[in-house]
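Just so it is clear, A, B and C label the chains in written order, and each chain counts residues from 1 on its own.
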Amino acid sequence: MIEIKELTKRYGKKTVVEDVSVNIEPGTITSFIGPNGAGKSTLLSMVSRLLNADTGEVLLDKNNVKKWKSNDLAKRVSILRQSNFINVRLTIRELVAFGRYPYSKGRLTAEDEQFVDQALEYMNLIDMQNQFLDELSGGQKQRAFIAMVIAQDTDYILLDEPLNNLDMKHSVQIMKILRKLVNELGRTVVIVLHDINFASVYSDRIVAMKDGKLVKNGTTNEIINSDTLREIYDMNIPIQEQNGCRICVYFNSHT
Amino acid sequence: MKLWILIITTIILSFISLFIGAIDISISDLFDWNSDEAQIFIISRVPRLLAIILAGAGMSIAGLIMQALSRNKFVSPTTAGTLDAAKLGILISMLFITNVTYTQQIIFSFAFALLGTFIFMQILDRIKFKDAIFVPLIGIMYGNILSSITTFFAYEADLIQNISAWLMGSFTLIISGRYELLYVSIPAIVLAYLYANKFTVAGMGEEFAKNLGLSYKVILNLGLFLVAIISTTVVLTVGVIPFLGLIVPNIVSIYLGDNLRKIIPHTMLLGVVFLLICDIIGRVIIHPYEIPVNVTVAVIGSAIFLIMLLRGRAYAK
Amino acid sequence: MRNRTKMILLFILVIISILLYGFYDIKGGFDYAFPRRMIRVAAMVITGVAISYATVVFQTITHNRILTPSVIGIGSMYEVVQTLIYFFAGSMSIWVINKYLNFGAAITAMIVFALLLYRYLFRPDKYPIYLLLLIGMVIGTLLGSFVTFLQVLIDPVEYLGLQSQLFASFTKVKAELLYIALGILLIAFLYGYFIMKKLDVMSLGRENAINLGINYDRMVMNTLILSSVLIATSTALVGSITFFGLIVANLSYQFFVTYKHSTLILGASLFSIVALVGGQFLVEHVLELRTTISVIINFVGGIYFIYLLLKESRAAA
């Protein structure tokens, strides 16, 4: 289990994340939601050690992530950020193979190749595995990076707004794959999302933030209701139920 | 800071500058028009002061124009290859024209300064990563290349020590008859003032400028033209004065903001004050000898630039 | 063509250029000329490999293909040390005559400079890496103008000695220094062998590299030190060849489209040997110029750099 304990991050005088404590339940999709500047991405960065917290700690299996050996941690937790500019020319397969680095240190074994094949298959990339990344569309590139994370074979997968710049079709495709990863392979996914309806339909738990503070943390049903959403977004958001999914209809809302 | 404080400081420093040097001159000496002291005063001290004032004001304005056009706080004749290009131009004229005349040197130097700056602006246009720090990094590297080309030719022609002594920024050799070229920068400064707002608009980009009905290319080229004129006259009369055009506009913008019309007078005066201080320090420290002004400017200027970088105004998170 | 085939072809080119340079038109007897030529070849191989290696790893950690490790002002530090030696001790002092001492002093000063810079300014959370480079560069400029000042004061005869010390030259290299340089290079390669695969991962960017278990910030620091040591070694051996690394590294990227550093570094090294040895052969025997190859390379490299900036703007991100 990942335990986030009293994390705080400041930039100069501005506190971006303030005293946030959350436990990530294994075997679930947990979404971080909240308005712009709520500190979701910063929180995720600290959990994944991309960023150092000013105070507080993150525990993985009761041990502070800073005490973990980098390489061991890379076999347990993976993180994918939204900006993935790469200066080198890589094929999809080469990128995905990098996911095996924590295990094989760059010298791939037969087992590693198998993991790469599986990940490519999972993301429907087998046919295009030898194409170069800079020839791909945004959605294809995003899928390639997710495939790398899958090949990394970690219990925890952290994703920072993976749906950014994707159209509806690809967004749904990716959320379904994440769902599959949790349901079939027992992984734990933590994801920062902008669109609350994706959070509502696909996640098990939601962590709602605002102005760097934790507003509420609970099951999807506990968060996706008009009262709680008003607290988070300062908007009146009616909820409609459709095929068992709660849809937030915020388009015509008045504050 | 009020404008009158700067004016008074300029006057006081000018006065000090007039009366410092290897030979002591007192005000009473000046009443005797035929004394050696009065002659030195007229032939050496006054031209020197005028040269400092013109160079200081000119280089700061040149920096200001470049910063407005590139919308980058750290672009200046030092960090865009302008000065190095002007230097290269002088060398080329010396190499390829036997018995080169002063006018020919001016033309070559000007043409190279203009071309060099223009190429840098082209580079800037094409770089997608317009980071405040990255751009001057590329600019200085670009300047180093132009310098290394200069060195290459100078080495071939055994002109190196010549060149480096000659282009050492210094007011020591300024006497009447050797600085008048600097007057050319006066109309350039006036034009810069008149076109100040347009430079700001052009800096916003071609589409933005066109939207406001400005001829982008004309304004951009006029700006580069002014920068090249000022840099050339300064390099040819005084030598390379680094960092001046970089730090002075930045200091002014810290206390006055970025409205170009408003800050031009401050920028000019502060440039003069800064150069006067550097020159006076250079004359006092190892009196009766002198440290070339570009050494004092480089030391003080780069120190200020380093402080600006470390305080991180340009890339505040 | 497969990369392996390309590498073999390049290797054959290396052999051809070394054979040509070693045996072509040997005058004054084989026993006399051949060993001398081989010493030069050894110097070119050692510097070529050191510079290629340093540039490729430096460009990986800065995620940029138009910067060279010399931007942080190591070359200026070399000029400072040599100028100080000539200024205070003179060309007849033990600091010039004893090659070991001179080499040791220069290399120590350069490495200490780099280490101090990294020690105080390498804080990835606070300063972006370009800021570190820009600051190094500004300090370099500062030192440079200080050095110019001293050089003007030096006696012209001494100055000639200093000039030849500062200008890169393979013809004057001392065989006994080659062993020391080779030793340093081997140690660097031993370390490089262990980080080769990590560098591959680091080319994916900071966040992806950390995700894959790389201790990114420490690796950047180590790599900066590694490339500084290599540049310092080659500079102390044959003087500063600023833009050479840029050419060979970019040739290697374009020739071998791969992310693998083992291939990229080997490729760049082979390119550099061909360029240096083959170039020296052309200069000495075909074109019969009196310039050294390194001066030409700096010149060509500089122009190539401007070309890169104007053409491949995508690289600058």
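Points worth noting:
Methods note: contacts are C-beta pairs under 8 Å (C-beta built on N, C-alpha and C of every residue); 3 or more make two chains touch, one makes a residue touch a chain.
In UniProt terms, the chains line up like this: A = Iron complex transport system ATP-binding protein; B, C = Iron complex transport system permease protein.
In this text, all values refer to a predicted model and were calculated from it rather than measured experimentally.
Legend note: the chain whose CA centroid lies nearest the centroid of all displayed protein CA atoms is C.
Each chain gets a centre from the mean of its Cα atoms; the one farthest from the centre of chain A is B.
Mean C-alpha positions place chain A and chain C at a centre distance of 43 Å. Taking each chain's centre as the average of its CA atoms, chain B and chain C sit 33 Å apart. Chain centres here are Cα averages; for chain A and chain B they lie 52 Å apart.
Of all residues in chain B, none touches two or more other chains. Across the assembly, chain C contributes 317 as residues in contact with two or more other chains. Contact residues of chain C toward chain A in the complex are 63-65, 125, 197, 200-201, 203-208, 210-215, 257-259, 315, 317.
Interface of chain B with chain C (complex): residues 119, 122-123, 126-129, 131, 133-134, 136-138, 140-142, 144-146, 148-149, 152, 155-156, 160-161, 164-165, 168, 242, 291-292, 294-295, 298-299, 302-303, 305-306, 309-310, 312, 315. Looking at the complex, you find that chain C touches chain B at residues 66-67, 71, 127-128, 130-131, 133-135, 137-139, 141-142, 145-146, 148-149, 151-152, 156, 159, 163, 167, 242-243, 291, 295-296, 298-299, 302-303, 305-306, 309-310, 313-314, 316-317. The residues of chain A lying in touch with chain C in their complex are 48-52, 70-75, 78-81, 84-90, 94-95, 98-99, 101-102, 105-107, 149, 152.
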